[in-house]
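Listed after this line are the structures, all set down as C-alpha cells.
The same chain A turns up in both complexes below, where it pairs with chain B and then with chain C.
== the complex of A and B ==
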C-alpha cells in the first residue's frame, strides 16, 4: 500500500475544505486543551489530598499495636529496641517517626477540651505537617522537651496564648490518671484544618515519663514515592510480625475513595468532552465521503482497492485528530503554565477542608496524562472513521459514476 | 491471425426500474481483436454503456460470459476485478473524472502509484505520456485550472500511461467542443494506429464513429450492425 499517496490525498482533501476543517481542528484543540488542563487540576487535587493525608501524622504506612485503633491507649503499645532502624531501602524511605498518641483532656483557666496528646521526636517529624507548619512562638526542640505545641484554633477556644500553662489529664500505663501542667512553647497554624483542634504535641520521652512507660503506640513511615508502599508494607509486616501494618488508604478510606474517584474523573471528563466532539468528527467525515461519492467511485473504477479507500478515510480522520490533539496539548500546557503559581481556594476553605485539601491548589502535570489524552483521542479519531470508511467502500463504482 | 482481446458470449443484463424489468442486453456476442478501434453506438437505452461497463468489469452480466485478455471475468471477485482494471484496462469517462486535488502530472502518476511502480520510473513514464499529448506545459495545473479538452487529454494520459491492453471510453467527447473533439479523436486514432492500442468507445457522436475502424450499432440490447471500415 502506498502510504505516501494516501497521505498526499488525505492532506489535500483536508485542505479542500479549509474553513470547515479549521473549525473542526479548533473544536478538537479546545476540547483536548480543556481535558488536559483539567487533568492537571485533578492531579493537583489528588496530589494535595495525598499530601494532606500522609502529612496528617498518617504517613504512607503505619505500625500499631494490635487493638490500638479500636482502643487508643498506652496499654496498646509496643517497644522498640535501642537504636532501632526499620529495614527499608534508602531509595524508598523518606523518613520514619515513633510516637505516642493518647486521648487526653486539656484545661485552661477558662475552658476544657478533649484532645489527642502526641509525644514526638521533633527531629523525626520532618515527615509530618509539623515540619512546615507556621508556629507562633517556638517549636519543640527534643524528645525531652516538656513544653507543648497547640493548634491555633484550640488556643482560641481555650483562650490562651504562648507562654501560658495548660493542664493535661490522661491515663498512665497503670490505668491511673496522670495530671500535669505544660507550658505552651508555640501555637501552630495548620491553615484552619481540623488538626489544630485535635493534636497537642510534646516531647516523646517526657510523655513516656508522664505515662510511666517506655513504649510507643505507633510508627509512621513516609516514602519517597506513593507506589512504593506495597513493597515496603510487606517489609514492615515481616519486621513487625505481631503488629498491625496499615497503609494510608486503609487509615483514610474517605480520602482514598476521593483519590480513586479523581482517577476515574479523568476518564469521565475525557469521555464527556470527546464524545460530543466525536459525533462532530463522524458527521464531517461522512459529509466528506458523501461529497466525494463520484470521486471515490471513479478511484475504485480505476482499480483502487477497498483497503486503500478505507485507509484513506481513516488517515484523513487521524490527521485531523492528530493536528487538533497537538494544538490542544500545546494549549493545555500553556494553560498549565499560566496556573503554575497555583490557584487560591481560600474563598472555599470550609468546602475544600471537607475533602482533605488545602486552600491552595497546585496543578500537577503528568506526561502520562498527556500521552493518555493523545492516545485516547487518536483512538476516538480512528473509531470515528470506521462508519464513514464503511460508507465509502459500500459505494459501487458504477452507481457512483452515475451519481 | 489477430489476437482476441475481448470475447463476449450471450451477454444478457436486466435492470429493475420501479419493479419493471428493463432489458439492457439481450444476448450479445462480440469479439474485439487487438488493434481494433471500435465504436458502440445506438440510441439511448440501446445497451452500449452497459456493454462497455461489463467489458470493463464495472458491471456483471446476468447471463453469458466475458473474457478480457484471456481472463474470464465471471470467475473474479470484486477485488480481483479491480486488480484487472488497474493493470489491463484504461478508462476515459465522459465527465473526465480527474482527482481535483491532484495536478495533471499527479493524476497521471496516480494510477502508476496504485500499481506500485517506483517513483523514478513513474515520473519518467508520466512525463513522457504528458509530453506526447502536448500537456507538458500544464502538468502542474490542477483539473480546475484546465479547459474541458485539456482535462480529457489528461484523462487519456492517465488511461494510457499503464500501457493497458484495452482502452474503454464512455462518451469521451460529450463534454467538449467540436474542435477539441477532432483533436482528441486524432489522438486516439494515433494511439490506435501507431501503438496498436485496442480502443472501444461508446458514443452518440457521428464524428467519433467516423474515426473508428469498426462500428457496432446496438438497438434494444442487441447488435444491429457490426461493420468494419476499410483502413486507408
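== the complex of A and C ==
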C-alpha cells in the first residue's frame, strides 16, 4: 500500500472544498477548545477541593488514638516521646503537627457558643490554613502561649475583639469540666468560611496544662505530593502500631467522592461536545464520498482495493480531526491563559463553600488532559469515518460509471 | 409564489434524506441536551430546596430584624399576630413558633455546647425531617422531653430515657436551666446538626429562658409558593413592627447560589454546543448549494430571481430547525415524563454526599420551560444564519459557468 499516495489523495480531497472544511475545522476546534478549557476549570476545582480539605486541619494523613473519632475527648489521646520525629523521608514530608482538639464552650459577657478548641504548636502549623489566613492582632507565638486565636465570624457573634477575655469550658483528663479565662491574641479571617465559627486555637502546652494531661489527640501530616500518601501511611502504621492512621479520603469521604465525580465530569463534557460534533463530521464525510462516486468507481475499476478505499476515507477523517484538534487545543490553551488570574466566585460564596471550594477558582492545566482530549478526538474521528468508508466500499464500479 | 417555494423547499429537503436526518439530529441533540439537562437540574434543586426547608429552616421565617445577623436570645418577636395571619391563609401548609438559643448540654460529668431549639412538636412532627429521621426512640410528644442528634448523643454517652441537663444564658443575662428526658435520637447525615442540635418543647424553652407566652425567635412557615414580598406587604399592615421576613433564599443562601452556579455552567456548555452545531449546519448548507450549482444556474438562466432562491434556502433552514427542535423536544419530554415517575437512581456510594446536600437517592426531573424557549429561539436564529452564509454564493452565481460545472 502506498501511504504517500493515500496521503496526497486525502489532502487534495480536503482542499477541494476549502470553505466547507474550514467550517468543519472550526466546529472541531470550538468543541476541543471548549472541552479542554472546561477541563482546566474542573482540575482547578479538584485542586482547590483537595487543598481546602487537606489544609482544614486534616492534612494528607492523620493519626488518632482508637475511639477518638467517635468520642472526641482528651481521654482518647496518646503520648509522644520527647523530641519525637516521624520516620518519614524528608523528600516526601512537607510538615507534621501534633495537636489537641476537643469540643469546648466559649463565652463572652454576652454570648455563648460551641467550638472546637485546638491546642497547637504554632511553628508546626505551617501545614494548615492557619499559616495562610490574615490575622487581626497577633498570631500565637509558642506552644506555651496562653492566649487564643478566634475566627472573625465567631468574634462578631460573641461581640468581642482583640485583647478582650473569653471564658472557655471544656472537659479535662479526669472527666471533670475545667473553666478558664483566655485573652484574645488575634482574630483570623478565613474568608467567611465555616472554619471561622468552629476553630479556636491556643498553645498546645498551655492546653495540656489546663486539661491536666501530657498527651495529644492527633498528629496531622502534610506531604509534598498527594500520591505519596499510600507509602507514608504504611510507615505511620508501623510507627503507631495501636493507633488509627487515616488518609484524607477516609477522613473526608464526601470530598473524596466529589473529587471522583469531577473526574467523571471530564468524560461527560467530552461525550456531550463530541456527540454534537459527530453529526456534522459524519455528514461531511458521507458527502465527500458521495460526491466522488464516479471517481471512486473509476479507481475501483482500475483495481484499487477495498483496503485502499477504506484507508483513504479514514485518513481523510483523521487529517481533518488532527487539524481541528491542534487548533482547538491552542484555543483551549489561550482560554486557559486568559483565565490564569483565576475566576472570582465570591458572588456565590456560600454555594461554593457548600461544595468545598474557595471563592477563587484557579484553572489548572494538566498536559495529560490535553493528550487525553486529543487522543479521544482522534479515536472519534476514526469511528466517524467507519460508516462513510463502508459507503465508499459499497460503490460498484459499473453503477458508478453510469452515474 | 410562497406556497410553491415552501413546497419546493420541503421537497428539496428530502432529496438527500440521510443528510437531512443527520443535520436534524444535531439540532435535536442540542435542544434535547438543554431541555433535559435543565429539567434534571431543576428537579434536583427543587428536591434539594424542599428537603432543605424540611430539615429545619422551613420555606419562610418571620424574625426580629436583627436576629438573622446576630442571633441573640433577647431578639424575640411577639408570635401571636404572625401565627394568626398565616393561619388565615389557605396556601400555608404549616406554621408554628420556634425559640432557639445556645446552651451547654450535660449528662453526668460530660458537657457539650449545643444549639437548643424549642419547637411546637404537634405541628413540626408533620413536616420536619428531624421528626422523620428519629432512628432511636420517638419524636417529641409533650413537655419535659428532648430529642438530640446522634453524634451529640454518642459524645455525651446519652441513651433514650436518660436525663439531660441544659444550661444557658437566658434573656437579659439570667441563667437558663432545664432538665429534660431524652425520648429520641435522630441522624440526618449532616454532621453539624447531628453534633449540635437538641430539640425540646417550646414551653420548656420559654420557661427556662424566661420568655413570655407568645415570645418566639422565629415563626416558621411551610408553603412552597408564597413569596417574601407578598408576606412582607401584608404583614406591614398588621401591628407587627420591626420584624424581618426571610424566604428560603435567605435561610439557605448556599442552595440558591449552587443553583445559580450550575445554571451558569450548563448555559456555557450549551453555548459551545450551539456553536459546534451551528458550524455543522453551515457545512450542510454549503454542500446543498454546491450540489445544486448546476440546477441553480439553470433556474437563474430561465429568469428565477436569486433572491427567491435565497428565500427557498431559508425555508429549508426553517424546516430543518422545526424538525430538530420538535424531535429534541419530544424526546426530552418523553424521557422526562417517564423519569418523573421512576426517578433517576444515583450511585449508591454517593448516598452520603447527596444526603449532605439534602438530596434524595433519586432525581426526579421537572420540566423547565425557559430552557425550551431559549434553546428553540437560539436554534431557529442560528440555523437561519447558517443558511445565509452559503446562500451569498447564489447571489454571485454566473449562470453560464454554473451550468457548465460538474456536480
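Keep in mind that, in the parts below, the second predicted complex is superposed on the first by the 403 of 403 C-alpha atoms of A that agree within 3 Å, B and C clash if a C-alpha of one lies under 4 Å from a C-alpha of the other, contacts with A are read in each partner's own complex, and residues count from 1 in each chain.
The working rule: a residue touches a chain if its C-beta (ideal position, glycine included) is under 8 Å from a C-beta of that chain, and two chains touch if they have at least 3 such contacts.
Fair warning: this is a prediction, and the values are worked out from it, not measured in the lab.
Engineer: Once chain A of both complexes is superposed, is A:303 in touch with chain B (first), chain C (second), both, or neither?
Structural biologist: Touch partner of A:303: chain B, not chain C.
Engineer: After the superposition on A, what does A:2 contact: first (chain B), second (chain C), both or neither?
Structural biologist: The first partner, chain B, only.
Engineer: Which one hits more chain A residues, chain B or chain C?
Structural biologist: Comparing chain B with chain C, the partner touching more chain A residues is C.
Engineer: A:283 in the overlay: touching chain B, chain C, both, or neither? Say first, second, both or neither.
Structural biologist: The answer is second: A:283 touches chain C but not chain B.
Engineer: Common interface residues of chain A with chain B and chain C?
Structural biologist: none
Engineer: Name, in rising order, each residue of chain B that touches chain A in their complex.
Structural biologist: By the definition above, chain B touches chain A via 53, 56, 58-59, 78-79, 82-87, 91, 93, 95, 97, 99-102, 106, 110-111, 113-114, 116, 158.
Engineer: Can you name the residues of chain C that touch chain A in the complex?
Structural biologist: 18-19, 22-23, 25-26, 29-30, 33, 70-72, 102-104, 109-115, 154-155, 168-169, 196, 253-261, 269, 272-273, 275-277, 279-284, 286-287, 290-291, 349-350, 352-353, 356-357
Engineer: Would you mind writing out the residues of chain A in touch with chain B in their complex?
Structural biologist: 2, 4-5, 8-9, 12-13, 15-16, 294-295, 298-306, 308, 397-398, 401
Engineer: Given the complex with chain C, which residues does chain A contribute to the contact?
Structural biologist: Residues of chain A touching chain C: 17, 19-20, 23-24, 26-27, 30-31, 34, 38, 70-73, 103-107, 110-115, 156-157, 169, 171, 175-177, 253-254, 257-258, 261, 269, 272-273, 275-277, 279-284, 286-287, 291, 345, 347-355.
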